[in-house]
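Have a look at the structure below, then the notes.
Naming follows writing order (A, B and C), and every chain is counted from residue 1.
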Amino acid sequence: MRIALFITCLNDTLFPRTGKAVVRLLERLGHKVVFPEDQTCCGQMHYNTGYRRDAQRLAVRFVETFADADAVLVPSGSCAAMVRDNYPRLGAPGSRLDRAAAEVAPRVLDLTELLVDVLGVTDVGAYFPHTVTYHPTCHGLRLLGLGDRPYRLLRAVRGLELVELAGARECCGFGGTFAVKNPDVSAAMGADKARRVADTGAEVLCAVDNSCLMHIGGTLERARAGVRVVHLAEILASTEEEPARI
Amino acid sequence: MSATFVGMPAFPEAARAATGDAQLRHNLRRATHTIRDKRAAVVGELDDWAGLRAAGKAVKDRTLRHLDVYLERFEAAVTAAGGQVHWAADAAEANRVVTDLVLATGERDVVKVKSMATQEIELNQALAEAGITAYETDLAELIVQLSDDLPSHILVPAIHRNRAEIREIFRDRMAAWGAPAPDGLGDDPRALAEAARVHLRERFLRTRVAVSGANFAVADTGTLVVLESEGNGRMCLTLPDTLISVVGIEKLVPTWSDLEVFLQLLPRSSTGERMNPYTSTWTGVTPGDGPQEVHVVLLDNGRTDVLADTVGRQALRCIRCSACLNICPVYERTGGHAYGSVYPGPIGAILTPQLRGTGGAVEAALPFASSLCGACYEVCPVAIDIPEVLVHLREEVAGGAGHRAERAAMGAAGWVLGDRRRLDAAQRAASAARSLAPRHLPGPGAAWTDTRDLPEIPEESFRSWWRRRSGPGEGAR
Amino acid sequence: MSGSRERILGRVRAALADVPAAERPDDVAVPRDYAAAHGGGERVALFAERVADYRAVVHRVPADGLAEALARALARRGARRVAVPADLPGDWLAAADAVAVPDGALPVAELDAVDGVVTGCAVAIAETGTIVLDAGAAQGRRVLTLVPDYHLCVVRADQVVDAVPQALPRLDPRRPLTWISGPSATSDIELDRVEGVHGPRTLEVVITE
């Protein structure tokens, strides 16, 4: 299957290793990944901060760039949710953006949806000999409704021991510009999340969204907690021959 | 009560103090987690919860879309049943109406049932200025009143206080308001509740005028509905000669049978019970039973402004259950006072700026007092999409004068992100300077680096890698 | 005052400019995809269980054992003088030692001095463990069941309905209603539930079948 990758601006700039892992994983499973180079950003930060018009411009670019794709993989839960949940209410009713958004939204998928629902795999042949805990991220949980897909994928990874995260459904406190507009609350939430992650005894925390991981990971590192954060794609791409670097 | 929210700092600053208060954090964490779990258990009992929620939302939408019809119908029904309906466009008018009604009875004391509407209009202060003393009778409201404090939660206004603090308040302050606390009062909740019973008992039996709000007002029948637990509501609604109820115009429901939805949604969402201990309903005057003079004050006070906003309108569906406060990770860490309003938490963050406008610093900060995690929407029994309204209000605020610098920065970011070549250039510049990246950022960036490390900037962006890997032209369109 | 009435109604209508003029209230669809009741067991048994959940004392007795059950309950409580509605069936307290004080217009102070109150009810709801009083037969005015500290309430099995949706049509909204689910309670201190505040601190229910 031909899969169009929307890498997201954050992954593109700060976490290219997640994108590389996605490409490696999908190619290993026998699929072709294309990367339309006109892509930039979904506009989530602008939209969530109240800059609707900036977000509209970025949304127009997105829907034009991915108009022909059969499946658009977005390895970021919040960006996937931005397109699926918010694009349909971003344009004026009946506008070109409105129509294009309604058309593209159903083809936008998170990695776990692509694997489990479209490609029909839960065992992707990965090997990752570490203790791992999973943070379900608010957008993945409530807007995308990823449910047990990530857990099913993780349980099928050889060598991996999955440990439960207490209070998993609670927000980590990142929230985009929330982290700088309300730094004290954001940090308090992050500290509580980091403590619960550390309490699991896991070596690795994973999620489907590098923005949350950047926040939790930054907090864990500042606390010298010794827990590494890794995007789920990197675990699923990891094999005996080419293990993920953690 | 002379305490007021006026002059409080905006949310980020108020939150800084609150998050640093270990006692407050402990009290809130314990209380919110207790009620969260109770709610989850009783909501989980009903396999048709989603259906009830959809019905509750739709009944409220029907009411709001035809509110004029239902208001007139309600007025006619109350009047026919021997009650008197008054209309108050704003807080000042509502306070004047209630004050005049009390003065006309010749009484100078009133007992009060917990009511958000009367908190909102600061009725107690207005009555005090007219020489009338309002006695709060709900236990939590009593704690707040005795300690000259402010409410911090819709359902449990003293949620920020623990048992030891409450004992101190009772010991120090009860005597000034009536019957003193018993000698040797301990901090067992049972003993504290008993002290409140004794303190208020005689007041209930003696006071001739009561002021209440209402949870629901049935348009068809003119019936008012109050849900409560302690029996203070029944005391106030039954014993006095005169009953004055201040009711927001959004409290209406069309028919008596519509209550079948809300009497299931509200107790389970609110106190986490299948049913609250007491629900009272009354329709005008019942000869020989309860108050013989019954008034209803219909309150606008900004509600029609909310109604006029087609996105924000859904906030008027709110039945004041507090489930969104209890689940909210932000509320859990700041408490209610930081929201600068009697309506705290997620619902307050969308209701207060709509009722008061976004012109003030407190109101303008509220739409941003959320990480948009969506837990509030998930638990809301009338499906208010709070994140949607927050973002909608952020747009209104971001267009205002206070956001010029941010607007410029967002515009610049949008410009870079609006074109792949510009983004590419910015990424290359960042990678080239990666060894210079500081551990602590200056200015607004410090908000990040004060508590978290920054990720390392990679040697190359994903798109550079892709281009290198694929060769020129490959993969690009 | 009427000025504000017109002003508010005018504002409401202006605010609803987006609602099509031809739309009637009933045009706004209300999906009723919820259950009439949720099961949970045989109706009367469920009612007894749910009332007890709220720390009320519950007894189930045959119809002809009512007088004896009431007498026992009052004796256990040590109640010597109990208020009753004027129309309480005469045989209910036939076996009791306690003196019945019938309510005409008993002063509140007198109600505060009795040892309890005995009434019937209008409807009971199994699923929520709720008793509804409507000031009708064998119930009296609202104050009667409010001021005394002990409420002994008789529920006939045929008064028990499954759930809230079955209760409302049986009740007349023009009457003053009191829905009671257990004794008065508060959770205002650390969300710890404490039974017994201003309303009767003890609720005892006798179900006759």
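The working rule: contacts are C-beta pairs under 8 Å (C-beta built on N, C-alpha and C of every residue); 3 or more make two chains touch, one makes a residue touch a chain.
Predicted model, so just to flag it, every value in this text is computed and none were measured.
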| item | value |
| --- | --- |
| Inter-chain pair with the most contacting C-beta pairs | B-C |
| Chain ID, smallest distance between chain and overall C-alpha centroids | B |
| Separation of mean Cα positions, chain C and chain A [Å, integer] | 52 |
| Cα-centroid distance, chain A relative to chain B, in whole angstrom | 33 |
| Chain B-chain C separation of Cα centroids, rounded to whole Å | 29 |
| Complex contacts: residues of chain A adjacent to chain B | 7, 9, 11-17, 19-20, 23, 34-41, 43, 45-52, 54, 57-58, 61, 65, 89, 138-139, 142-143, 169-171, 173-191, 214-215, 217-219, 221-222 |
| Residues on chain C engaged by chain B in the complex (per definition of touch) | 1-2, 4-5, 7-9, 11-19, 23-26, 28-35, 38, 50, 53-54, 105, 108-109, 112, 125, 127-130, 135, 141-143, 146-147, 164-165, 168-169, 173-192, 194, 196-200 |
| Chain A contact footprint on chain B (complex, rising order) | 11-12, 15-16, 19-20, 25, 329-330, 333-334, 367-375, 377-378, 388, 391, 393-399, 403, 406-407, 410-411, 413-414, 417-420, 423, 426-427, 430, 444-445, 447-448, 450-455, 457-458, 460-463, 465-467, 470, 475-477 |
| Contacting residues of chain B [partner chain C, same complex] | 27, 30-31, 34-35, 38, 45-48, 50-52, 54-55, 58-59, 61-63, 65-72, 81, 86-89, 93, 97, 137-140, 143, 156, 158-159, 162-163, 166, 189-190, 192-194, 196-197, 200-201, 204-205, 218, 221, 223, 229-232, 234-235, 237-239, 249, 254, 256-257, 259-261, 263-264, 267, 271, 273-283, 286, 288-290, 298, 300, 304-305, 307-308, 310 |
